[in-house]
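Okay, got some structures for you below.
Shared between the two complexes below is chain A, which pairs with chain B and chain C, respectively.
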Partner chain A sequence: MAAEHGTAAEALVGQVVLPGDLLLLPAHYDEDAEGERLRLSAGAAPQGRLLCGPGLRRSGAGLLVTKCGLLRHRPAGGGAYWVDSQQKRYVPVKGDHVIGIVTAKAGDVFRLDVGGSEPASLSYLAFEGATKRNRPNVQVGDLIYGQFVVANKDMEPEMVCIDSSGKSSGMGIIGQDGFLFKVSLGLIRKLLAPKCEIIQELSQLYPFELVLGMNGRIWVKAKTVQQTLIIVNILEACEYMTAEQRKQALAKLSGN
Partner chain B sequence: TVTSLSPGDTSVMAGLYGPAEAKVSKELPDRAALEVLLRPKVGLPGVLERSREQLLRQTCEAVVLGVLHPRTAISLVLQVLSDAGSLLSCCLNAACMALLDAGLPLATLFCGVTCALQPDGTILLDPSSRQEQEARAILTFAIASSERKVLMATTKGSCSVEEMQQCLAAAQRAADTIFQFYRDSVRRRYSKS
Partner chain C sequence: FMQRGLDSQTKKQLEEEEKKIISEEHWYLDVPDLKEKESYIIEERSFLRCEDLVYGRMSFKGFNPEIEKLMIQMNSKCKEEEIEEDDQMEADVSDEEMARRYETLVGTIGKKFLRKRDQRVLKDDDEDDEVEERNSNTRPNKRAKKMFLKPQD
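Moving on, here comes the complex of A and B:
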């Protein structure tokens, strides 16, 4: 098949790649070249490290694709390659902002369900302005928006609701009412892109509050229950609708 | 995710769940624990289903990068919707598409091809139930997409070593069509977004 014995990575950017495909990198990324080469001129020096993103693994001569999807490339900062894949199951990644559901209170930590293979832990001190005397008012079943500080395959994931300077910056317990639902991870990434058309078009329809979790969970709250449900249905359908169909659906709704 | 596959009239629906929380008794400290459940169209699963589950499990374990998800469980459930021959290779293809669709990290793709060796020595690919009954031997191979290596081979009946080599060569050629089908399906799926 096309990429059995390795195709240049640049040639496949923007195209579909399948697991097992081998991507060859240009020679100047290879830092451990065979034999010793004295670099006397600055001409062919490597320009920083290449980042191997999700869906790719380093293997011998190049990068091995491990997930199916579209190959993407970002030339900034030494270059990064990754595979844009569609998936519904979330795997915790450090630094991701997610919506978790409190399932248990065990002593000093809360156990949160984040949709991964293990419940995450959240210490009661990890909220803005929380001290041992001033505990946050968190009950089982509450929704929490936080970020991962520890998330790797070997340890239980840990979340916090403050950033590195101690401020909450939008994280914490999500208020009452509203509607929580799950979509695929690809849709979340599309919605989080700057100047997302879907969000702009929806905001012209009704005013609403929206929280997007990288684990595929979205929380929406509008003025009435009916408006909330309409926004939920549109966001869920956005996965399968093209831009045209979406504009038509919104035009019909704003006409009513 | 749920995908179904049907060569001819044989049809299998596959659902893949994972990486999810594993029971303490089943979790492995360094890899994901893969479990395959094969449900026949009628009746309860018997010994034949159990042996096929083990073949599928060993094939999937060889390609899934389980070390990236230790202490998790990956469950693959296959439901036979109709059986008109070549069932095991249909299950293999459905399993691969389910793994692909769910976004699990894979080292390579695989496909299943069944060969029937007829009494006069001719080789038939993807035999129907009738051809399977009349054949002298039925060989099923799981072929990987990287260099067409053999991941799994199972034989029912008797054949000579040369005949097996010929069946393997025919299966490796046929695997190209199946991998091209995988590529086209994935292309169609990503062209919509």
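Moving on, here comes the complex of A and C:
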């Protein structure tokens, strides 16, 4: 394999990168080259460590791309580079909040299907206010919103429904009714972005409740079945609609 | 008699042999110390730390009021983290008052845990000379009570 000449990381931000591309980082991050300092286009030199996000791997003094997609950069807090790629299959990652479906009860542990290669395990003590005598009321087929506490390729993933301070903070069993469906992971990230237009526009329509799992699953609940289905259809379709088409569709709905 | 284990002599011999072979340096490898490379790059597999994603549970137009409260809480947590360092709790009680209270407090609580004899001593120290006389009268009486009374024949 011929060694590729790397290109500077800043030059490729916002462009498509392919697996095998080598990105060179500016000399700040290389302890050998102390004399030469390249100026970043952002301005001040970043302090602290650089975050190498999903789709990238550290190799020598640079970053090696492992997934194809767009390269993104965040200059704040030490800087972060990652690849914005599209996929439907979820790989469990520690700290992610996901929606799981209970498939089996095995003694003190529930088996949840999270869409990964293995079912995740969830202990019955990992709920807020659960003790050995006070067990949570979880049946097979229930939906659970929790986060991963162990998730690597060597071990079975484990989930919990409480955070580090022992509070549930919204996690746990998701209530009755509602509709669960699956979308691609890229759409979930788009919807979870800080100021998402889709969500803002939908919230003007009617009252509803929404739970987004990082494994591509969305659960929606509205007052009537029809409203729920409308929201589901919009969310599924908005991946491929432009902003204008979406606004037209919503205008038609609110007109009805 | 029963002999389990080696004699003390054979033990000494073995120890000496070991010492000859293995010296202090035996336990350190000959490889020169590897310089630890400072890693400026952290690998992260989660999107959550790269992008500022909001919390996944949402409710709109009052459908589920608890979740709406949670939304406000979660989303303001991200902004509050920066402001935390600047805030300082204002003290309700001033430092001087605190020092005065504490001084007297220690004395009163300390007295509680003294044993009876020590309490008496403490009381006597505190009182004036006039009162001491009275107490000195009572003292031998109390002491007399506590001393062993020989049974009279």
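Please note the rule applied: the second predicted complex is superposed on the first by the 235 of 256 C-alpha atoms of A that agree within 3 Å, B and C clash if a C-alpha of one lies under 4 Å from a C-alpha of the other, contacts with A are read in each partner's own complex, and residues count from 1 in each chain.
The working rule: contacts are C-beta pairs under 8 Å (C-beta built on N, C-alpha and C of every residue); 3 or more make two chains touch, one makes a residue touch a chain.
Only a predicted model underlies this, so the values are computations on that prediction, with no experimental measurement involved.
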| item | value |
| --- | --- |
| Chain B versus chain C as contact partner of A:80, first or second or both or neither | second |
| Chain B versus chain C as contact partner of A:186, first or second or both or neither | first |
| First, second, both or neither for A:68, with chain B first and chain C second | first |
| Which of chain B and chain C A:194 touches, first, second, both or neither | second |
| Broader residue contact with chain A after superposition on the shared chain, chain B or chain C | C |
| Partner chain(s) touched by A:58 [first = chain B, second = chain C, both, neither] | second |
| Those residues of chain A which chain B touches in one complex and chain C touches in the other | 57 |
| Interfacial residue positions of chain C with respect to chain A in the complex | 37-64, 67, 70, 74 |
| Touch list for chain B against partner chain A, complex | 1, 18-22, 63, 65, 68-73, 100, 102-109, 144-147, 176, 179-180, 182-183, 186-187, 189-190, 192-193 |
| Of all residues in chain A, those that touch chain C in their complex | 25, 28-29, 31, 49-54, 56-58, 63, 72, 74, 80, 82, 93-97, 145, 169-170, 189, 192-194, 199, 202-203, 206-214, 221-223 |
| Chain A residues touching chain B - in the complex, by the definition given at the top | 1, 4, 16, 18-20, 55, 57, 64, 66-70, 85-89, 91, 116-118, 153-154, 186, 190, 240, 242 |
